[in-house]
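Below is one structure, written out as structure tokens; comments come after it.
Here the chain labels run A, B, C and D in written order, and each chain numbers its own residues starting at 1.
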């Protein structure tokens, strides 16, 4: 029997409401599209949360009932309250998985977990992105082809100011001459973090079958199954003192 | 000719003023003792900074003129201003090295760079600490004996909530039955970070020759020699567009 | 439905036949005991193979039908034919998982995959081993207690000449004053490798419930589900040449 | 005063003698060119060794007097005697640094240290290579520009069958659409290993100033300064037995 996995898909949900071109691609919001394809997993419970809900939809109760959180944000990173960011960070350390997508690289929560600015080069243009898989037996990538392409995407280029990943899964090639570490994992406390690059709001990237496969597997991989509250306890000796 | 290296030793400097037993061990403060042994390096310029100075002694000018910062804090972590913490973090990302000592594991700056609480087990008791060197050709450890001992130290035990180190250098054995990853490195942006465990204020640990050697080398290793401001620039293509 | 997983448990099987004390602990051989507890997984197919079988029981057909290989050897490492070692190594690179136990640290196959001698300190004595779990959300360790003990074991101590692990899971504390990285993972090509320290032949370690749990999970983790033959192909450009 | 560093540059030295086009680029052999630019370091002692010398020029005495070995080979990997490969591997584990260049990825010594085949994609064509620096404060890369180009090079592409690097320094972009982890480090015992991709024999790559800088720094980084013979000793307890 497949494991039940409770996923919350968080989205800023501003571009979709302000820009008809984005709304045409994602009529139910980016979160709606992502929730839809994740819901194909029979035993998963999917909910969504967005910036303009009270507490950004990330109440203590919601986080306590979330095994893996997916994060998409872009133009309103600064509007995410610091208190909520710290709440999410603590929950990650306790065991909640986190899948950060695309411009989420510059979100407070990703910066807070990485310890760096997570800055990079970028360009919205005519670039094609080709993602090369550099680890072909990881739970996220096993059985995937050596590479796959996204016809048009925003370019993200190195240097990408992140800590050396625990596992590097994808490196992207861009038409304009850049490369990027576009899929990578880190652990923070009990929390497993996966960053995956594609997904500019003006392109139909989250309708791409391979992108959907990678995100679905990323969520599965990020599930830790534990919830261990943080503490810094005084501890009695386990061995008798030597005389 | 040896490289000039500008070091700032930061210390909370509270125990030394409140507790005569600590003052007896470190009459010039923990920072004074550390600055003294670092000053044996002929080409290094050493200064100190403490919590109760304006801006905790860590003005923008001081940080700009610091290649490597050494950090000792314990009971007053909460008094370090968030604004200064972020200033230090940014400077680390730009290339300043950071050597975090002992109870500095729970400082805001270390937590902020690691992305975790950095919690652990602890006990002030009669423990002996034996540090085993698990990497004997690293610039910090090369030529050291396989292990060395500190007769009495505060115990720190696993689990230690840190990201998997880039390099694990020391593992400590304690009389009471615990182990600890007591020397480890991480990179954050251009900044090189070294954590080294020993140094409870009630023991003369910073007078221990081997501890002095490790800290001195840690400072040297953490020196990056670069200062690269953060940025997230739009970037023109390097290759002509394909038609 | 649980995944079918084909496991081969390889054992030197010499101590058990030469030493009645070992035979009393492991009447069906160490491989027999390990195969028994792995067989509790309903969908797994378990077979065993031993040194004195033709081709050490590791024919090309057996390896092709093995998803994960478990390895225990001690006094007869030198009798394992180089040709078979290379056959196993190639199969690991193609995607077969490998779980190396205890004195298997000095087996040709582990040395060949690590690139080092894998030497360490050791002592058969009265030591108690306490294994501290330093990563509590890994598929091998999630939900385990912070530490568990084995009343009597052979001591293995640092320095352990291995490449820096991809993931460090356990550190052991020994009564005699040593520490050891006793559970660690590495990837080699598509093959996932897990080393787990406990299991001296004169102690009933493989009857220890926690040890059985860790090995069972190690096998599950090491399963990659891929079989990708090695090659170094000439490759046509994917992009048209620029003029 | 700069540290004395004894470097041996090893080259297969076959292309240069068989192919006038290669000889025109490297009249003194690839080893001669590399030795020349390394010799600019005032305190370094540089020697060379080639395949067709007795013991391939890598006698026990030569290796004992070598701090860092540079390796270039291509068409005659199979002619390197296994005994010499094991001699070099042992010396690396004991502390000798190793810098492996270009087609040396498929040398026995690199395969032996990595534990994998080190296979990759390749193409000799009209590709331009652009190397992006993904770690800008490493001793090998500090102060380098974000990227540099080699006008014409053989393409090497992912997947590259290597263990996850300890540190990834460069990622290459190729005109034909591929990417490659073109600069990376690993530790093996006390030995520090740096792989650097560029250097096909039909292009003047080792006359490229940036390539020379990276190789020179790679040699410097790989120097460990230790020589620790391997051993697996029985060890007396450091602590008295508990009763």
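The definition used in the following text is that a residue touches a chain if its C-beta (ideal position, glycine included) is under 8 Å from a C-beta of that chain, and two chains touch if they have at least 3 such contacts.
It should be emphasised that the depicted structure is a prediction, and the values quoted were computed from it without experimental measurement.
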item	value
A-D compared against B-D, more contacting pairs	A-D
Identity of the chain that, by mean CA position, is farthest from chain A	D
Computed distance of Cα centres, chain D from chain B, in Å	33
Chain centre separation in whole Å, for chain D relative to chain A (CA means)	36
Residues of chain A engaged with two or more neighbouring chains	130, 135-136, 157, 164, 166-167, 175, 177-178, 187, 189, 238-239, 242
Of all residues in chain C, those that touch chain D in their complex	89-90, 93, 106, 112-117, 119-123, 125-127, 155, 157, 161, 163-164, 166, 175-178, 186-189, 230-239, 241-242
In the complex, chain B residues that touch chain C	130, 132-136, 146, 157-160, 164, 167-168, 171-173, 177-179, 181, 239-240, 242
Touching residues (chain side chain B, partner chain D) in the complex	1, 95, 130, 135-137, 142-143, 166-167, 175, 187, 189-192, 224-226, 228, 238-239
